[in-house]
Amino acid sequence: MGKSRLEAFSDGVIAIIITIMVLELKAPKEADLNALSALLPAFLSYLLSFVYLGIYWNNHHHMLHSVQHVGGGILWANLHLLFWLSLVPFVTAWMGENHFAAAPTAVYGLVMLLAAIAYLILQRAIIARQGRDSLLAEAVGRDFKGKLSPALYIIAIATTTITPRIAWVIYVAVALIWLIPDRRIERTLAVRTERAE
Amino acid sequence: MGKSRLEAFSDGVIAIIITIMVLELKAPKEADLNALSALLPAFLSYLLSFVYLGIYWNNHHHMLHSVQHVGGGILWANLHLLFWLSLVPFVTAWMGENHFAAAPTAVYGLVMLLAAIAYLILQRAIIARQGRDSLLAEAVGRDFKGKLSPALYIIAIATTTITPRIAWVIYVAVALIWLIPDRRIERTLAVRTERAE
Amino acid sequence: MGKSRLEAFSDGVIAIIITIMVLELKAPKEADLNALSALLPAFLSYLLSFVYLGIYWNNHHHMLHSVQHVGGGILWANLHLLFWLSLVPFVTAWMGENHFAAAPTAVYGLVMLLAAIAYLILQRAIIARQGRDSLLAEAVGRDFKGKLSPALYIIAIATTTITPRIAWVIYVAVALIWLIPDRRIERTLAVRTERAE
Amino acid sequence: MGKSRLEAFSDGVIAIIITIMVLELKAPKEADLNALSALLPAFLSYLLSFVYLGIYWNNHHHMLHSVQHVGGGILWANLHLLFWLSLVPFVTAWMGENHFAAAPTAVYGLVMLLAAIAYLILQRAIIARQGRDSLLAEAVGRDFKGKLSPALYIIAIATTTITPRIAWVIYVAVALIWLIPDRRIERTLAVRTERAE
């Protein structure tokens, strides 16, 4: 299977996930601003998930950029990632509607943790096919962010038994860490080009 | 009509089906884990259908790979398949919300049976256009899985009059059978290449 | 703007319309087949609209095939068509849930009539740009089906004041008329090729 | 990242937004035309937003046409625009269901204002990458409409404290201003071609 169809399908699914999430923001019956301000937690929850999905879309891109051919392993690793991402609208709505209570906040982190692990598995599947010397293998060699995020999610989930507040801070922090674009692949590419000259 | 537009449309429809299914997973009003565990049947139903649709997307690909030109017959055979697949979110929700009761489990199998038959019709339509000597014709010649699945669905549906449990096992089994990637076309292609040498 | 992006956008919108319609088929609370048979009118309404949208997707294709460049006129004529098609899920649900009562049946026909007119306007916009001697102009010269459909919709709407039954027959008949693939453009193309030889 | 994937993703998101909006038009329980006429405000709200999103899709196109390469800045500026556009179905439903009351009308304008600002930021990000001498920079040099729209939205929002009526007129007026296709880029291109000769 060509890479382009895998990219197109993944883009389609992420585009739909990011957009149908807004359907969970139900228009209030009342026409005053108080009714709207009651939706603030749901809105913040939506904003957080929108940023996360934007990051996944962006990084998914960078990662697939170095792929040439797609086999069954990569295909199913990719569907596995999309499965966890498809649950984002559900946990976003549950967390938002319950004003970031402990249990929904923990489950939000769990889905994010499973998506992050699925992302790492996909990365491994691509490297396994391309070989340890590949561009991607070198680029993710010291993938600090990729390993830090799951650890942070685990801390976030654990601390919700005391208070959900720490988890809120962690989720925002992880989003900010990733918002800085992932230039590792470009950098490695640049280094290689220099060496070649 | 070009093949690429048929592929893009099919991919789009499958991507939307796979994603809107999650809208049937309604976020519970309560913020505790008990409320979430009540959703477990709906979640399992969603997981099963996600895997089925992933399999259809994957196999649809392999099948269309050998197609060069798309006529009215193939186009409508394809829309016929998409019609039954579009009913998957409905039967998934009905089966999940009713905790895999007998009637929804039977209807789930019926929609899967009709989708499987629609898939076989599409296969025939492609072979009819390409000729009996075509790559696809040879590859599906002993299409064991393609013929086994409808038979298994019929058994599943029939047994729901006694208990839905056998059907559950069959649905999971069919999914597992298909998860093994369909290498028939590639294999035939490999054999042909060898012969040609 | 390139034709391919207009096609991709139109395909996307039609794929979404055809798929979200199924969200109007609400899974019943009860787990028995009686509950399902109560949904039969909604299902038939869905089936009819699925076929109509499949026909629009198919014909939209054939029509755009002869287009080379897309200007503002064609772009907005196309959005105008998509606007009426986007109302199909609404009228489908209203007609289905009310068991094909007179008023919803009439409004269903009205939306179909407006979509058919929008299709004719788009056809004119394309011919206006390509010139009267173009392939499309010649092909639609005696566009019998394109002119018959609006007339049939008007009759259907008018007769709902007496009974909705005639409209039901007409809607099915129009769908069947169009299911026969539109080979006019191909035929004209074939004739031209012969003449050129 | 290639421009085509950014375009495809944006097109996908806009196609989904424009289509799921119709899900807010709930089919009435009653089967008479009175029930339908009660939906007139929701329909008008939908129509207005459909036109706005059509305009954004069209202009987004023209703007990206002059882009060659997409960096992180442009990517996130684009996601920022899509974020505000994704809220359009929410404000459309809220305004429509409350019959264009003052508060929803103001919030509708606010989302439109923030989308318009996001559009200007995206324009800046593209020009910043391409240089002040670029085709786009020249074309938007005297971007009258781009600067007028936010000013009009601010006036609309402010006047809703007295009456929502002025805002309604402004929203329709802004849509009409933009419906006239944006030929600035083409014109500049034409002028440049002349100069070069």
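Lettered A, B, C and D in written order, each chain numbered from 1.
Quick note on the criterion: a residue touches a chain if its C-beta (ideal position, glycine included) is under 8 Å from a C-beta of that chain, and two chains touch if they have at least 3 such contacts.
Just so you know, these numbers come straight off a predicted model, no measurement behind them.
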{"item": "Shortest chain-hopping distance from chain B out to chain D", "value": "2"}
{"item": "Copies chain A and chain B touch via same or different residues, half shared test", "value": "different"}
{"item": "Cα superposition of chain C on its sequence copy chain D - rotation in ° rounded to nearest 5", "value": "90"}
{"item": "Centre-to-centre distance between chain D and chain A (centres being mean Cα positions), rounded to whole Å", "value": "27"}
{"item": "Cα-centroid distance, chain A relative to chain C, in whole angstrom", "value": "38"}
{"item": "Residues within chain B bordering two or more other chains", "value": "8, 12, 16, 20, 23"}
{"item": "Of all residues in chain D, those that touch chain C in their complex", "value": "7-8, 11-12, 14-16, 18-23, 25, 27-33, 36, 47, 50, 54, 57-58, 61-62, 65, 179, 181"}
{"item": "Touching residues (chain side chain B, partner chain C) in the complex", "value": "1, 5, 8-9, 12-13, 16-17, 20, 23-24, 72, 75-76, 79, 82-83, 86-87, 89-90, 93-94, 97-98, 101-104, 107"}
